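Chain IDs A, B, C, D and E follow the sequence of writing; residue 1 opens each chain.
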Amino acid sequence: MSASDFLAIAPLLVLAAGATAVMLQIAFMRSVPVTAILSMVALLLAALSCVSAAAITPLQVGALLSADQFSLLFTALFCVAGAVTCGLSLDYIRHHGDEPEEYFLLIVLATLGAGVLAYANHLASLLLGLELLSVSLYALIAYPNRSLLPLEAASKYLVLSGAASATLLFGFALLYAGTGTLAFAELGEKLGQAEMGTGLLMAGSAMIFAGLAFKLSLVPFHLWTPDVYDGAPAPISGFLASVGKAAVFVALLRLFLEADLFRYYKLVQLTGLTAILSMLAGNLLALLQTNIKRMLAYSSIAHLGYLLMVFMICLDTGSRALAVEAAMFYLIAYTATTIAAFGLLTLINESQVEREQVQLQQVSGLFWRQPLLAGLMLVALLSLAGIPLTAGFIGKFYLFTAAVSGGNWVLLAALILGSAIGIYYYLRVVFYMTRGADEHKHTVTLSPGWSGSALSCLLIASILVLGIVPQTLMAYLRSIL
Amino acid sequence: MIVVLFYIAAVIALAATVAALTRTNATHALIYLIVSLLAVAVMFFLMGAPFAAALEVVIYAGAIMVLFVFVIMMLNLGAAGEARERQWLAGRSWFVPGSMAALLLLEMLLVLGDAHGVTSGTAVSPKVVGMTLFGPYLLAVEIASMLLLSGLVGAYHLGRRFIVRRGDH
Amino acid sequence: MDGLMVPMEHVLVVAGLLFTCGLFGLMLRRNIIFMLMSLEVMLNSAALAFVTAGAHWAQADGQVMFMLILTVAAAEVAVGLGLVLQIQRRFKTLDMDRANRLRG
Amino acid sequence: MMLQLILLLLVAGVVAWQAERFSSTLPRWVTVVAVLLALLMLIANLGGIPAERFTLVSYPGEPQGWLMYSQHAWIPRFGISLEFGMDGLSLLLLLLTLGLGLVAVVSSWDEIEFKPGLFQANLLWTLAGVAGVFLALDLFLFFLFWEVMLIPMYLLIAIWGHEKRAYAAMKFFIFTQVSGLLMLLSIVVLAFQGAGEDGISFSYSDLLASAPTGRAGMLTMLGFFIAFTVKLPGFPFHTWLPDAHTQAPTAGSVLLAGILLKTGAYGLLRFCIPLFPEASMQFAPVAMGLGVLGIVYGAILAFAQSDFKRLVAYSSVSHMGFVLLGLYAWNSLALQGAIMQMVAHGVSTAALFMMAGALQHRLHTRDMFRMGGLWQQAPRMGACAMFFAVASLGLPGMGNFVAEFLVLAGLFAVSPWMTAAAALGLITAAVYSLWMMQQAFQGRPDNNREMADFGVREMSAMLVMMAVLLGLGLYPQPLFDLTQPVLEGLLPRMSEPMSALPRLLSEVSP
Amino acid sequence: MNSIVLIPLLPLLSAAVLILSTGKMPRTVASLMGAGSIGLSALCVALLASSFLADGEIRELTLWTWMSIGDFSPRIAFYIDGLTIVMMSVITGIGFLIHLYSIEFMWDDESLCRYFAYMNLFVAAMLLLVMADNLLLLYLGWEGVGLCSYLLVGFWYRDPDNGAAARKAFIVTRIGDTAMALGLFLLLTELGTLDIQPLMVAANTQWQTGDTLPVLATALLLGGAVGKSAQLPLHTWLPDAMAGPTPVSALIHAATMVTAGVYLIARTYGLFLLAPATLEAVAWIGLATLLIAAFAALAQNDIKRILAYSTISQIGYMFLALGVGAFASGIFHLVTHAFFKALLFLAAGAVIHCLHHEHNIFRMGGLRSRLPVVFASFVIGSAALAALPFTSGFYSKDAILLAAWSLQDIGPWLWAGGLLGALLTGIYSFRLVFIVFFGEARTEPDRQPGWKMAGPLILLCVLSIVGGWIALPLAGVFPAAESHPVNHSVEWISIGVPLLGLLLAYLMFLGGQISVDKLLSAPMARRLVDFWFSGWRFDQLYDLLWVKPYKAIAHWWRNEPVDALYNGIVAASQWGHRRLLILQNGELRWYATIMVLGLVLLLAVMLRNAP
């Protein structure tokens, strides 16, 4: 491996080194602040190293990883998201688990997994990234080991995710059996000239899609989502919903693009169907939820449905570039928004040791008690609902344009229908937050620490900046395609 | 002749797996599973993947299954657990999983029976595997190490308090 | 030593059957230990398919993938069994049907 | 200037919000000063425009046709820019917006005790959003303002509304938002339709040249039409309105009825019809039918209400039906009538909602069956109510009459049958207006009830609005002069397709 | 400043000041302003009239262009010819007398100020109506008087019945007004203008006599006239409108406003001449109305309702006149009617005023000696109403009957009908006189009318008698009437019939030679009288046809039927939510099963028709 190879995967190396350092630090001296700061420094350094790595891209590193602007962008995003999650968790985890140092270590490892997924252009690295992410998440979900719900959530996630991984692997094996290669690009070439029956290959790709659809919690593989999000610690739910999904989506997108799975028209149509089902079912399921975490979980199903439209749109080669651009923007906007939404739940939960759930009543009157937190939630919800001036709107606008460009009217109809339902439950939270001061009896007074406040401001700012002046990011995204 | 051995191994693997998954006694099930894994190891060996066969025996049947054994013994489920298992496996609970599995089986047969080709007959030696592993897949090894670290840390965190508590009593 | 020449579809069918068995076990069993065993079966079936495919193409990649799957299985089982211990301690049962506090 | 005007209102909102830290009365003064400043700014800038520009026919799509025009790059990736333009129509509606903004402040002068700063902030943000809607020329920007003005309005209803505010606010938001999404879809389709070498553009002038025709054109047009009709509101998309108006605080109702509804009409006039002349012509019979239905249906339901505000709200449905009719009749009489209706209805309904708010503030009820004989205790209120009730039933001498007369006169040339049906609205309007007067102000007074009459502040607002209505009714020419060049620019765009309209209508008429 | 402007402006300003004073003005000032502004206005009219009579020049005055959109540019402008002068004189002259009368009549009312405000506003609006040079401005005045009528009928708003009567008046006339508005649209669309004189010129050049369009246009205008002038079928509001103060009834519902329909048709006679069908309809409507109302008047026992029905009936005569083309006679009758009906109403008002607001004639009686001035007024008024010879009513009604007689074909029928009406008029008017002023006293008056009430009465008495000799300056307005060969026997019959009516009334109600009780003992007769008493059951009919269905629909729809659609969508979403939620039962095995199902389906779709 050459020096430039090292530079190209510097973010991953920094993360791995960071993980090792954190582990050693824990071994020698348990100290939550030190561990947290070390982890965040590692994550931010990794994000920074993406910038320097960008200079030498694109570069294929070994057989497994492809360092290009695309992977660097998302690695950086995941690192920042990981750092923010660490920051949000600082106070939270002290209340919820004993020996919380490994928590940060696991976040770094999970972020590393996400980074690997962003880099992956080989089935092996895809597998490893996915598993690194998942295994870290199992432990993270079950981390607050004093209560039952995280445990239940983790065991459900572990069993189902294991099954999904196995399905994915079986799919890999079928593709490998049919083509004799594991690298995306080569796979693309070989698929075209496959010797064996395409039935095998189609089934293989379908099983891969099924496995990844589970991770993306798309209908009908979505059932675990609310339970896991509900049971998991709030910051981890946020991480899972944002980084966990974005990384898998990035990998899936790259797989489809580089291996040109769009050749399987039926599979792509199935993605479209899944997208529609996810939009509708996710939004419908969220409709009357009073538990905000579950509501956000269901809404994440819907959002992944929106994103999945991209695959259908990509069928139209003329719109493919726009579709991918739209997906990238949406992912970034969605990540920021989701972390913000779960961030609020984290900050609220800090003071609630017993039950890891947030009911609507508990945010009642939040506007008047904690304007900053309420502002964070408001911005996040508006962004999720796709109201202008937020990142979510621009993301949705991107999808609109891409779908119009590709002429996918049915998907657009589902998108509009889904968004319509979505408005109700997002706005309901806003309404509860704005209820009068006398209407919230069962709520807890709380105030975020300085780190919580600073991160809230940061998240609000990022969502609004992406929503109001998106041009810079758009131009960048366009340039890297 | 050796081909026959191969098919016998396949049948044993399948039968042992089915047995493993339908036993009520966890330890028995585990033994069946180990048998199944060993049979698969035989298949690996016969297909010209001796290194994989060895690992299957050593790590899969050896290490991982032993982990199961430890846990089962630690939990000490006993006869009551067995009776409960039997009760859970009574009649009706088979129907839905059975039909699902049957459908899936059908599809699997359709798909996989469609694949044409034979195994090459050339063995891939451990050396070649090693060369590949530490050649193009070097980074995979590194990442796998991180994966194992993650599993380790997770298992440690989850298992720690249990062990400590047990020690107290 | 040379390997056998067997029709690949036969081995793949075996792998497929193992996979189905694994899923079947997952759907059937309420005890989480058996669920984890089912997972092992499924992962193993994928491994078998990979090794078979590797043998078909006479490549080492199949076996390498097998080793990676082994790693994955090890990591999953480690965490999974850790969870099993906690579940037994907290829920006083391994019956996953009873772990349904999160719902709706 | 136009961007600065919007920013002024936005920033003033923040200032008003923070001003509540110092005093609970400070925010409303901030609002008053901000709106006055905005007015001053507008007038000062108008002074710089040569007088003959006001009479110059402004063809849409020609930057020099606008009285004021400005453009700044924003999102060049999609050809989106901060493009603002003002012509006579926008100017008129802007004046209405700011004027009613003042009325809204006055109407809820001491009604709001809970978080007055945020209340005023939302008021100002709504005004900013509406001003943006009236000024934006880039369709993306237009959509942005279109949506953004909803949020402060939603908060106004959701926070300071009455007993069923959650339902009302949600209904309002979902109706407008969903229809807005349809419009966004249409906007994007339109933008792609006109995509050229250098990518897509959302600029009004570019899109004017690229209207799709045939079925695609019709569907795209419908996206706009539904969005605007929901806001207008037109039958059968009107059901959010009675709830929203009823539950909103007084200032919210004033803003909703006074100006938010006008954005729908403005959108139809500025965008929906000119962008799709052909589709609009084919659709005109349906649109007019909806207008007539709205007029009659709104009037009947207004009569059926016992809630004062609900009655006024349904009367809005009825009155805005005239706007829909006028717009789709598409001749200068009807269009001028529609524009006049926008202004006159804005003023008269704002006054009625102010009245309703005053009654609720004093009596803690909006139920007219619990009123009666109020004239006795509050003759000034009674006189005002009478004035605006007869204004709303279209008594000659008031702006509303001029509006309805012109709409119907213009419509008659297009479709006598539609006119006859719509004229039923004149009768039904009398039924509910007088019924309202009877229930609330006439009849036997409840002598146990003490009620304060209008004070100087309320009276002066009322008098100003009366003067405006009378002015519009007796000398509406300045308004027509202001909008005539705009219409003259728009009319030829449509004259060819629209000339087929009477024939089309005669086919569907009995 | 042109004094013409002052004529409507003075009452208008006075009204504005009175309204703005919000009742805080002292009574004296308010009444002085109220009556004085009309007086000044009347003075201006008198000056104008005298100068007009001197030079006969039509005066036109444009104040400003109301609006100008394309070719449509109605102005706020006045057109004053003989007809206008006549109307203005009646409005301001009688208006002034009634205002004067009102000062005393309304002195004790707490809302005197409001009263005068409305009254002045009414006069201003009525003046605008008659002075307008275009139909749009006329419409403004037209609606304005409607509003004032509404306000004044419901003046005593505390009684919900009064409010109902006021609303009825407004809404029923509004129905006619809407037809009229449609007529305006038609004229504007077809002829391109609403200015009355150019309009008639344009109509004459563009339309042929008997075309559909002029018939349609005039029919629509007729709708407005019918509504305002309380003719069939929109006459039902007028009897109820008596709920207002009696001077209001005198001014608005007898002398001026209700004759606006007559004025409208006379003003636009050029159009009507192009539509003989409409004109004939006008005649028939007039005839039908005058008969129906006369029968109804026979059966009433409320003093004001009798007068109200008589008003309807007399306006029927005017319509008859217009219908047979005798426009000038119609206007003539309008003027004389204004005199004697105002007189009758004011006298009735005096009776009511002096008898503690008693309306029922059967609780009056014997007032001849107790209220002599009123008695005299009543007798003179009734004589004029009944068209006894040498009263003003005689001359005008005679002219109408003659004109009707001389019409081709239908003329004699119309004439006979009119004659029957005259007979009935004689009966019911003197029935009133005999019952109220003769016989024994049933209620004692508690006061006598003062000079402010008596003065106008006396003046109107004079006018009711001499009004028939006034020559109206209508020469240039209408086309010269063809001189009819006077048939003397017809004339004699015209003279005789009212006298016959008087005689019958005497026999029935004073002399007792014909027993009313005996007449009524027949069940058919009783039922007939009840039928007439209820105004031919028009109210009940309309209630059944329009009011009840409208209310029923409104009640049925009050909770927004359209919302059912949206509620359905909501319910569907909630249904979907609940269905999908069933899947989320929290059981791991179930989740796994659904996942496998998903996989099975996915593979099934992929493998279907797989190549």
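We take it that a contact is a pair of C-beta atoms (placed from the backbone, for glycine too) under 8 Å apart; a residue touches a chain by one contact, two chains touch by 3 or more.
Keep in mind that what you see is a predicted model, and the values were worked out from it rather than measured.
Asks: I need the common contact partners of subunit B and subunit E, sorted by label.
Replies: A chain counts here if it touches both subunit B and subunit E, which gives A, C.
Asks: Which chain wins if you rank chains by how close their C-alpha centre is to the centre of all protein C-alpha atoms?
Replies: D
Asks: Using C-alpha centres only, name the chain that sits farthest from subunit B.
Replies: Farthest chain from subunit B, going by C-alpha centroids: E.
Asks: Which integer distance in Å separates the CA centroid of subunit C from that of subunit D?
Replies: Each chain's C-alpha centroid was found; their separation is 65 Å.
Asks: Can you compute the centre-to-centre distance for subunit B and subunit C, using the mean CA position of each chain? Integer Å is fine.
Replies: Taking the average C-alpha coordinate of subunit B and of subunit C, the gap between them is 6 Å.
Asks: What's the distance between the Cα centroids of subunit B and subunit D, rounded to whole Å?
Replies: Distance between chain centres: 70 Å.
Asks: Quick one: subunit A and subunit B, Cα centre-to-centre, how many Å?
Replies: Here the centre of subunit B sits 31 Å away from the centre of subunit A.
Asks: For subunit B, jot down the residues that touch at least 2 other chains.
Replies: Residues 96-97, 100-101, 104, 107, 110-112, 114-117, 137, 140, 144, 147, 150-151, 154-158, 161 of subunit B each touch two or more of the other chains.
Asks: Mind pulling the subunit D residues that touch 2 or more other chains?
Replies: Residues of subunit D never touch two or more of the other chains.
Asks: In subunit C, which residues are in touch with two or more of the other chains?
Replies: Answer for subunit C, listing residues that touch two or more other chains: 8, 12, 15, 19, 22-23, 26-30, 35-36, 38, 47, 52, 54, 56-57, 59, 61-62, 64, 68, 71-72, 75-76, 79, 82-83, 86, 96, 99-104.
Asks: How do the chains pair up in terms of touching? List each pair.
Replies: The list of touching pairs comes to A-B, A-C, A-D, A-E, B-C, B-E, C-E, D-E.
Asks: In their shared complex, at which residues does subunit C touch subunit E?
Replies: 23, 26-30, 35, 96-97, 99-104
Asks: Please output the residues of subunit C touching subunit B within their complex, sorted ascending.
Replies: Touching subunit B: residues 1-25, 27-31, 33-34, 36-38, 40-41, 44, 47-48, 51-52, 54-64, 66-68, 70-79, 81-86, 88-89, 94-95 of subunit C.
Asks: Write out the stretch or stretches of subunit A touching subunit B in their complex.
Replies: Against subunit B, the touching part of subunit A is residues 1, 9, 16, 19, 23, 61-65, 99, 102, 105-106, 109-110, 112-113, 116, 124-125, 128-129, 131-132, 135-136, 138-139, 142-143, 145, 174, 177-178, 195-197, 199-200, 203.
Asks: Once bound in the complex, which stretches of subunit B touch subunit C?
Replies: Within the complex, subunit B touches subunit C at residues 2-3, 6-7, 10, 13-14, 17-18, 20-22, 26, 29-30, 33, 36-37, 40, 43-44, 46-52, 55-56, 59-60, 63-64, 67-68, 70-72, 74-75, 77, 81, 84-85, 88-89, 93-94, 96-98, 100-101, 104-105, 108-109, 111-124, 128-129, 131-133, 137, 140, 144, 147-148, 150-152, 154-159, 161-162, 165.
Asks: Provide the residue numbers of subunit B that touch subunit E in the complex, in ascending order.
Replies: Subunit B reaches subunit E through residues 96-97, 100-101, 103-104, 107, 110-111.
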